[in-house]
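Dropping the structures in below, format is structure tokens.
In what comes next, chain A is part of two complexes: it sits with chain B in the first one and with chain C in the second one.
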Partner chain A sequence: MKTKIPWWHFPLLLVVLGSLLPLIWMLATAWKTPEQVFNASLNPWPYPATAANFAYVMGAIPLGRYILNTFIIAFIVTAAKLLTSILAAYGFTQFSFRGRETLFYLCLLSIFVPFTVTMMPNYLFMSRMGWLNTYTGVALPQMADALGIFLLRQSIRSIPPSLVEAARLDRVGHGRILGRVLLPAIKPSLIALGILFFINTWNEYFWPLLMINDKSMYTLPLALQMFTNLEGGTNWGAMMAAATLASLPPVVAYLLAQRYVVDTFIHSGLKG
Partner chain B sequence: MKIAREPGPKFAAIKGYLVPWGCLAPALAFLALFTFWPLVSTLKLSFYQWNMVSPTPKWVGLTNYLEILRSREFWLAFWHTLEYTLILLALNLALPYITAYILSHLVFKGQNFYRALIFLPSVLSLAVAAVIFLWLYNPLAGPVNALLRLLGLPAPPWLSSYRWVIPALAVITAWKSFGYNFIVLLAGLVAVPLELIEAARLEKASNWQIFWRIVRPLTSGTALYVLVMTVIIGSQYVFVPIQMLTNGGPDQASTNLVFFIYQYTFNFFQTGKAAAAAVITLIIFGGLLFLQKRVLEKGVYYEN
Partner chain C sequence: MFLNWRRGVIASVLIGTLAGSLLTGCGTGNKASGSGSAGNGGKVTTIEYWHVNSENFGGQTVRDLVQKFNEQHPDIKVVEKFQPNMYLGLMQNLQAALAGGHPPAVAQIGYNYLDYATANLPHLPVEDAAKTDPEGQAFLNNYLPNILNLGRVNGKLEGVPYSISNPVLYYNADMFKAAGLDPQNPPKTWAEVRDMARIIKEKTGNYGLYVQEPSDNWAQQAMMESNGAQVLTRTGGKARATFDSPEAIEAYQLMADMVLKDKTALHATWEEGTQAFITGKVGMYVTTIARRNYIETSSKFKVLTAPFPTFGNKPRRVPAGGNALFIFAKDPDQQKAAWEFIKYLESPEALTTWTKGTGYLPPRQDVTDDPRYLKPFMEQNPLMKPAVAQLPDAVPWVSFPGNNGLQAEQVLLDARDAILGGRQPAAEVLKEAAAKVNKLIGN
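Take a look at the complex of A and B:
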């Protein structure tokens, strides 16, 4: 058997390089002085490094407020999505009733409904309710997630049924079956899914763009737009510093739970 | 109903219905209210002329459809969407497919290292990706053009060039989505039984033959999922760099259908035309899904 061909590492390293280079340039530019930005744009190592860009960002925008806005929305959406997904996955796996499969596939179908088809009525609804420029307006339409239902249903199905049946015979209630038996067994998937929801909501741009035009309600991704709108004299160092700050929480969350996140995708059977 | 069928007091029967539906209700309610009802609502809006402000929308039948199908802007956006999609299929389906094949079947060391780093850009915001590339693409001092000049190659103004603006914006989206698609494809690829590949090796099949004749047919379910998502999500993702960096320009050279719908709704306040365009995209995607189902039924191998 032919094994281990080191040569094949070469294309993989090229892909890694392509993935990382833009990030390296973002980091480098964030720590450069304006002179370094323009005269040494190819140099990935700012020397001497300056923190002036970060100081500028903190002065130019209410950074703390934006972090808080982004965090609150991401937290509400993540908690709500986990809750509705857990309940739905429980409903789809622990009971059999007529139309169950149809209903499940209808849920899955929502993944394929493009955002453009739903954005206008949802915008009008929020506007009529007076929820523009509110957390409610951004968070409410995203409180259920078909992918979450799908993944958790998949995880619950992989638990040996004997575990749940034993609990049933002991006349244990639904709440305790869920809380004491099922949830502990699918903890890795829950963590991965929670992190994924959080990262995705943190990063969101399109829907908050429609919901929010009051600058004090901006999320971090929306705030980045303020740095591109300065025609002409764009402060590149500050822009990259702001991009770095906006990326920090998702990157840290990912690095802390990298194993869970990637493994959930590898093993959950997100295939077919 | 499993529990309801058991003989018992009436209360148990009611409870038997209550619990499963109570579990499903929250998720179903949100999906119905914010995904499926708006779908119907958009369909309705597409038959009316309305500016979002006037109290009464005016029924105009198919006029909105006829007008956008006759407009040059719509067809520009349509062809651009196709162009974006083709580039994204190459960069976000073919390329990660081959990369995942190399990692799962030709290289055995360093799997965790590669997985972790290649996935990294997909945890960033598209808004972050857009501003990073705005700098990378800067015509005067940006690193891309600095490098090209160093190599003595032409250095075009990427985002204001008719020829390059679409590839340049597509690359931004591709960079962000590559890692996610790569991981999903890798999940499918690691499930391919190794014995099959070893048998092929013994028959002296080349790596390319193994990929095309064995691995690809065995993972076509995953690949179709990534294909459909690349087409549907891709045109939505590419909206972010369009809106942030070019606003559809130069002279509409970078618009796509999503941006077209956004502009007609929120800049021109012509909800009818926007809704009609949204319905047309839905029909196109629906056709694609139908096609996927047909292809799936026709001899795609299901993993598991």
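Take a look at the complex of A and C:
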């Protein structure tokens, strides 16, 4: 018996290959010598493969320290964003008060304020507080995210209201309604949102670049720049080796939780 | 299974916040350029040095130099700070740091940002710093006048020229042989370049020439000005774009003819062009001497270099790439320490280390031929010789003045694409572009 594959899977397959190609290229280049990097053929396979790039990267920069820095910042930001999003979303769905919708839309409006507008005020504020080159400085201005509030509000609204009403009739307090009733019900959204926040913060470049000037405080995306130089040329092998090592943790995190991520996006599309 | 979900969330958030507040403590590193480090009374003055030297281009050398300086000067502590994304990245961070009130004491300013930095960023011109030092003038006498000029804006010495590169002609000696050309006789003039490119194309099927095309006009300036043109003419404090002169048009049209008519020259981005040369698809390649090590280690054939070709008997004029050292310190003790550090970086010993580590050319004339300093290195690296030989031909790299300077630069980049892409002849494009640039820079 043969399973029939719908025809539209083929264009999808092309898209998948297209998105994987840069990753394959990164992995392959990481194992190449400088001569092989500029090989004329499009063959990505390094032959003979060399681990020299990885050895060089590990020797040149304190990679463990950078992974730790990146992880700490991504963790703080993710945890803080989730907390603020949960509380705000709870407020916007469970309480009715004057100006609730106005407040919510104002909140959404902040999504459309580009980073370049808030960059300098935030920098000056952090700088006056003496928080340059600190985790606080990088994390503090991004501890709330309107996108998280919006998505969680949608998720909570999709829960049958009777559930919450039943709890209210039983005179259950807000803390328990949130913890026992709502959070378990929106768990997939929470996990997906957490992963999104984590990966975004992990990959963040510009804001850490402004805040961090001390090499020991670098995050991974900043460290990648240490192998490029416009005048002297870029060490592509080393850069790709560093990029490979830098992208491992988020890839692993995604693989572990991908079911939830995909779920949320399917659902949020239907519910709205 | 998820009975403890709620407790889990709250716990992780708590841990996160707690960890955050704890780790801030560890993270509060050095406030190096802070005011708490007055230099008198046996105290140590701490200053920051900002540079663009990544790990693969001088990063280690900077650390070595700083370490040596700190050992020799117990009263000064220099902290080096790498700035990503080259001079543009450094300028952006520098502006933020100045706004925040704690700029570095010393920073590398790219020659193409000299005008901008001088006009917009508060700094101590090194000319003034040198006056406070009895040895200051003697120190500045070590430089060729045209090299010292690279650090001048409107006649005032604002920064000390430090890293210097210039464009040379790299060529593939194996391909020269295959085409029946003599690798010992590289082209000296652009007419010869055109001829040899044609021969390479006929005999090997490869491109003859690629002239670097990054997002600046450095190599193109070298071509136009070596033909007697001036990209920018300053008269009485006013600047006018003059890259539409017959000489400039002739130089650009030659390049366009090689790309479009002869089809012997490649028109591509810098990375593509570099790759084409390294993989043996282009015979000659005009780019910076700073890429010597990169090109030598990446290519499998024998690479040689020749001086930047001239137009007949006209004098060669090659813009200098690289950077000058600027002082941004405000505190007098820090300014003194900054000047001391600059003098060390520009000492023959330190410059020898610098050239070996980066491939830049030494700005001082007393370093190259001295057997104590660079002579052995120059003998081991003959590819450096043409670049050193054309140091007396170095001219300042044009940067367009005023707030629209970057836009003006973009106009010239667009013109390059229009000419080499074959959309219009050089004469028309350059005339239009010059008019646009003159409007942008306030004429």
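For the reader, a short list of remarks on this structure follows.
We adopt the following convention: the second predicted complex is superposed on the first by the 248 of 272 C-alpha atoms of A that agree within 3 Å, B and C clash if a C-alpha of one lies under 4 Å from a C-alpha of the other, contacts with A are read in each partner's own complex, and residues count from 1 in each chain.
By definition in this document, contacts are C-beta pairs under 8 Å (C-beta built on N, C-alpha and C of every residue); 3 or more make two chains touch, one makes a residue touch a chain.
These numbers come from a predicted model, not from an experiment.
Aligning the two structures on chain A places chain B and chain C in clashing positions.
Of the two partner chains placed by superposition, only chain C is touched by A:132; chain B is not. In the superposed pair of complexes, A:83 makes contact with chain B and with chain C alike. In the superposition on chain A, contact of A:213 is made with chain C only, not with chain B. By the document's definition of touching, of the two partners only chain B reaches A:25; chain C does not.
Shared-chain residue A:34: touches chain C; no touch with chain B. When the two structures are aligned on the shared chain, A:152 is found in touch with neither chain B nor chain C. Legend: residue contacts after superposition of the two complexes on their common chain; A:74 is shown touching neither chain B nor chain C. Within the superposed three-chain model, A:225 lies in touch with chain B and with chain C [touch as defined at top].
When both complexes are overlaid on chain A, the residue A:120 reaches chain B and chain C alike. Applying the stated touch rule to the two superposed structures, the overlap between the chain B and chain C interfaces on chain A comprises residues 37-39, 83, 120, 123-124, 209-210, 222, 225, 227-228. For chain A in complex with chain C, the residues that touch the partner chain are 34-35, 37-40, 60-61, 72, 75-76, 78-80, 82-83, 86, 120, 123-124, 127-128, 130-136, 139, 178-180, 183-184, 187, 190, 209-210, 213-217, 222, 225-235, 238. By the touch criterion stated above, chain B contacts chain A in their complex at residues 1-3, 19-24, 26-31, 33-39, 41-42, 45, 52, 95, 99, 102-103, 106-110, 114-121, 123-136, 138, 140-143, 146-147, 150, 175, 178-179, 183-184, 186-188, 190-191, 198, 201, 219, 221-222, 225, 228, 232, 235-236, 239-240, 243-245, 257-258, 261-262, 265-266, 271, 274-275, 277-279, 281-282, 285, 289, 302-304.
The part of chain C that touches chain A in the complex is made up of residues 2, 5-6, 9-10, 12-13, 15-17, 19-21, 23-24, 27-31, 52-60, 81-82, 84-86, 89, 93, 96-97, 99-102, 165, 214, 274-275, 278-281, 288, 290-291, 293-295, 297-300, 321-322, 358-359. Across the complex, chain A meets chain B through its residues 1-5, 8-9, 11-12, 15-16, 18-20, 22-23, 25-26, 29, 37-39, 41-42, 83-85, 87-88, 90-92, 94-97, 103, 107, 110, 112-125, 140-144, 146, 149, 174, 199, 202-206, 209-210, 220-222, 224-225, 227-228, 236, 239-240, 242-243, 246-247, 250-251, 253-254, 258, 261-262, 265-272.
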